[in-house]
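Structures incoming, each one as C-alpha cells.
Each of the next two complexes has chain A plus one other chain: chain B in the first, chain C in the second.
== the complex of A and B ==
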C-alpha cells in the first residue's frame, strides 16, 4: 500500500476538524475525495502533505511513518485551488523550481522542463511569465511543476475550481489521462459529483471530518451508506434517516390512479423549476411532507408551481446499511 | 493573486496622475526650486519675485566647512546600517505577526508599537544609562542601535501588512515542492516583498537621516552626522548658506533612492507587473 492514514485526528483549538480518518491509497490509483465545503477535505490533504501538524494518528507512506517529517521532506506534492505560479519566475523556472532545489544538474533539468512543456501542450512558453497565461494554462503549468518532481503521491485540492465549466470538463479528462500515463497516485478533492466520478478510480465521501463511505463511484451512488452520503452523492428522494428512493424508481404523475395500486407509494409535490439537460426535460420537485426537494427527468413539460405526484414501487425503497445516529455515537 | 492586465488602473490614470502632478509641483518642486534659487542668491528682498543678484558665495562658504564630507559619509553609513538592521529584524517580525497565532500576540504587537507612542527622548534617557554601562555611548554602533528604535515600528508594520496580503499560500506551495524555510525566504518571499523592502529601506533611511536629539545624546558629540552639523546652521543669519545645506540634505535620500533603484533594476529580472502583488 502506498499511503495509509491511521486514525488521523486534527483539532483547531478544541474544534475537531478530522475525526479518526482512515484512508488508503494504492499505487497508480486516483482516489476522489468528495465532501461539502468545510468538511475537512483540504485539511486532510494539508496534513498528508505536512503543511498542517496533526493532533493524533499516523500517516504512513509505504509502511513508513512520515507523520513527523516536514513538508519538504515528504514524497508528496500538493496542488492547490489556485495555480500559485511564482509571479517573478518564468514558466520554465516555475516548472523546474522543485528540481532546482533538489540540486538537479542544469542540463537534465532543462530537458525535463522542455519535456513537461510538451506534455502540457504549451511548447514555446518557456520564457513567458505567469501573468501572460490564461487560468487554464496556469493550472496546467502548476500541474507540470508538480509532476516533474515525480512525487509518489500527488494531492489535488479542487484544482479546477477557479476555471469556467467548459474548460473544466475538458481539462479534467486531460489531467486524468496525464496522471494515468505518468502512473502517479493521486488524491483528488472536489465537491462536484460529476468530477468525482470522472476523476476517481475509487471514491471516499467525507462529511464533518469523517469518511462516511468508500468504494467505486457507482457503488457509492447506488448504495449510499447513510442519509448524508445519499444527500450528497446520489440522486433520489431521502424519505427519512433510514430510507431512500433512487431517482430511477420514481415516476412523475399528475393522476391519482397509480397510487391506489398495491405496492406503490406516492408523495405530493410542487414543481419548483424546470430545465433541459442532455436532451431530457428535468424538473425540480418540492415535497412539503418530507421537507425535501428532488430533481428528476420528466416525460413531458410541467410548468412551475404545478402539483404533481411522485410515485414509486415499495420494493424499490432502499434501506441504508448505516444509521446516522449510530455514526454520530461511534 | 495573479495580476491581471492592469486595465482598471489605466481607466483611473488620467485623474490620478493629474492630481499627483499638481501635488508634486506644488509641494515638492516649487519649494525645492525656491531653495535652489535661494542658495544661489546674494540678497533676496521682499517683495521681489526673484533674487536681484546671484552668486556662488553660499556654496563656497559651505565647501569650506571641514566637517561636511566626514559628516555625509558617516550619515550614509549609519543610514545604510540602520536600514539593513530594519530589514533583518522587520521581515521575520512582520511575518510572525501576520502568519502565526500565538499566546500574547497582542502584547507583542503593542510592545513593537511602543516606540511610536512613547516620546523617544524619554526612552533614550534610560537607554543612555544602559549604553554607558556596555560602553556603546559615543560610538557609531550606539548611534546605529538607537536609530533602530524610531524606525523599526514602521518597518514591522510595512512587512506585516505585506505578509498579510501575500498570505501563507506561497510558502505552502514552495514547501510542498521541497523548499526549506531558508530557500522559501530566498526564492519566494524576498522577490515578492521587493516593493515593501523598497519602502522600508527608504523610510528607515530618511528617519535615521533626520535624527538629531538621539544622535546627540548617544553619540555624545563624537559621532557627527549631517543633522548635527546642519541644525546649528538654523541660527545663522545667512539664509543662502542654510538653503545650500538644505539642498545637500535633500539630495542624500534622493541619491539613496537612486542607488536602491539601480540595484533593484540590476538584480531583479522579470516583468514589472508582478510587483504589485
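== the complex of A and C ==
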C-alpha cells in the first residue's frame, strides 16, 4: 500500500475538523475525495502533505511513518485550487522550481522542464510570465511544476474550481490521462459529483470530517451507505434516515391509476423547475410530505407548479446499511 | 459641454499646487545652489568649476566623503536588515498596538535629541560606562569602548539605527500583512524550507519597498548634519558638517565651496536613487508589484 492514514485527527482549537480518518491509496490509483464545502477535505490533504500538523493518528507512506516529517521531506506534492504560480518567475522557472531547490544539475533540469512543457502542450512558453497565460494554462503549468518532482503521491485540491465549466470538463480528461500515463498516484478532491466519478478509480465520501463511505464510484452511487451519502452522491428520493428510492425506480405520473396497484408507493409533488439535459426532459419536483426535492427525467413536458405523482415499486426501496444516528453516536 | 474642458484639465489643476511648491522650493533651491557653486567671474581667467577643483584639493574632503558614504551605507543597510528581521518576528506574534507603540516612540524623538541621548548613554562618561564600572564589569569608565565622537562614526551609526529601524519596521510591516501566505505552502510542498520561503515569497514583495525606504534613508543620512555634528570628530568630518561650517563661517569666502559640496552630495544621492530604482524597474518586479 502506498499511503495509509490511521485514525487521523485534526482539531482547530477544540473544534474537531478530522475525526479518525482512515484512507488508503494504492500505487497508480486515483482516489476521488468528495464532500460538501467545509467537510475537511482540504485539511486532510494539507495534513498528508505536511502543511498542517495533525492532532492525532498516523500517516504512513509505504508503511513508513511520516507523521513527524516536514512538508519538504515528504514524497508528496500538493496542488491547490488556484494555480499560485510565482508571478515574478517565468513559466520555465516556475516549472523547474522544485528541482532547483533539490539541487538538480542545470542541464538535466532544463531538459526535464522542456519535456514537461511538451507534456502540458505549452511548448514555446518558456520565457512567458504567468500573467500572460489563461487560467487553464496557468493550472497546467502548476500541474507541470508538481509532476516534475515525480512525487509518489500527488494531492489535487479542487484544481479546476477556478476554471469555467467548459474548460473544466476538457482539462479534467486531459489531467486524468496525463496522471495515468505518468503512473502517479493521486488524491483528487472535489465537491462536484460528475468530476469525482470521471477522475477517480475509487471514491471516498467525506462529510463533517469523517469518511462515510469508500468504493467504486458506481458502487457508492447505487448503494449509498447512509442518508448523507445518498443526498450528496446519489440521485433519488430520500424517504427518511433509513430508506431511499433510486431515481431510475421512480416514474412521474399525472393520474392516480398506478397508485392503487399493489406493491407501489406514491408521493404527491409539485414541479419546481424544468430543463433539458443531454436530450432528456428533466424536472425538479418538490415533495412537501417529505420536505425534500428530487430531480428526474420526465417522459413529457411539465409546466412549473404543476401537480404530479412520483410512483415507485415497493421492492425498489433501498434500506441504508448504516444508520446516521449510530454514526453520530460513534 | 463646457465642463468637459475643465474635466480634461482637472488632473493638471490638481497637481498644480504640488508642482508650484516643488519648483519654487526644490528646483529653485537646487538651481541657486548650483549657480552659486560656479565661478561666474570669468574675467579673472579662472575656470568656471574653480570651486570644485578647490574642493577636490581641500584637505579632509575625500576622507569626509568616504566617511559619509560609509556611515550612510552602513546605517541604511543595517536598519533595513534589522528592521525586516523584526517585522518578520513581529507580524504574527506581536499585537498591532504593541509594535506600533514600539515603532512610533523613537520616531517621535527628534534626531538632535536622539544624538544628545546617545551622548548621555553611550559616551565614556555616560550612563552605561558608569553602570558597567559600578558593577565592576569594567575597571574604570575610560575602559568603555569609544562609541561617541569616534573616528569611524560608530556612535552616529548606532543612533541612526535607533531612529531608522522603526521606520523600516513601519514600512515593511504592511508588506508582511498583505503577503499571500498560500505561496508559503507552495514552496514547502515543492521541497523548500524557511530560506526558500523568504527568497521566493517574501523578498520579491519586500524589495520594491525596501529599495524606496533605502533611498530615503541614504539620502537623509548622507545629507543630515545634526547627528554627525554632535557625535562626530574634527577629523574626518562628514561632508554635511563640512558644508554647514563653511556656510556659516564668519567669512563668506568658503560659501561657494559649501555650495559645490552640496551640489556634489545632491548628485551622489541622485545617482544612488537612479541606480537602485533602475534595478527594480525590471519586468519581474513590476509584475510582483502590479499583482
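Convention: the second predicted complex is superposed on the first by the 330 of 330 C-alpha atoms of A that agree within 3 Å, B and C clash if a C-alpha of one lies under 4 Å from a C-alpha of the other, contacts with A are read in each partner's own complex, and residues count from 1 in each chain.
Criterion: contacts are C-beta pairs under 8 Å (C-beta built on N, C-alpha and C of every residue); 3 or more make two chains touch, one makes a residue touch a chain.
Quick caveat: nothing in here was measured; it's all calculated off a predicted structure.
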item	value
Clash-or-fit label for the pair chain B, chain C on chain A	clash
Partner chain(s) touched by A:149 [first = chain B, second = chain C, both, neither]	both
First (chain B), second (chain C), both or neither touched by A:82	both
Which superposed partner A:129 touches (first chain B, second chain C, both, neither)	both
First, second, both or neither for A:138, with chain B first and chain C second	first
Touching partner for A:291 - first (chain B), second (chain C), both, neither	neither
Partner chain(s) touched by A:279 [first = chain B, second = chain C, both, neither]	neither
First, second, both or neither for A:51, with chain B first and chain C second	both
Intersection of the chain A residues that touch chain B with those that touch chain C	46, 49-51, 70-72, 76-78, 80, 82, 84, 86-89, 97-98, 101-102, 129, 131, 145-146, 149
Partner chain B, residues of chain A touching it in the complex	46, 49-51, 70-72, 76-78, 80, 82-90, 97-98, 101-102, 129-131, 138, 145-146, 149
Chain B - residues contacting chain A, complex	1-5, 169-170, 172-180, 183, 187-188, 191-192, 268, 270-271, 273-274, 277
Partner chain A, residues of chain C touching it in the complex	182-183, 185-186, 188-193, 196, 200, 204, 283-285, 287-288, 291
Chain C-touching residues of chain A, taken from the complex the two chains share	46, 49-51, 70-72, 76-78, 80, 82, 84, 86-89, 97-98, 101-102, 129, 131, 145-146, 149
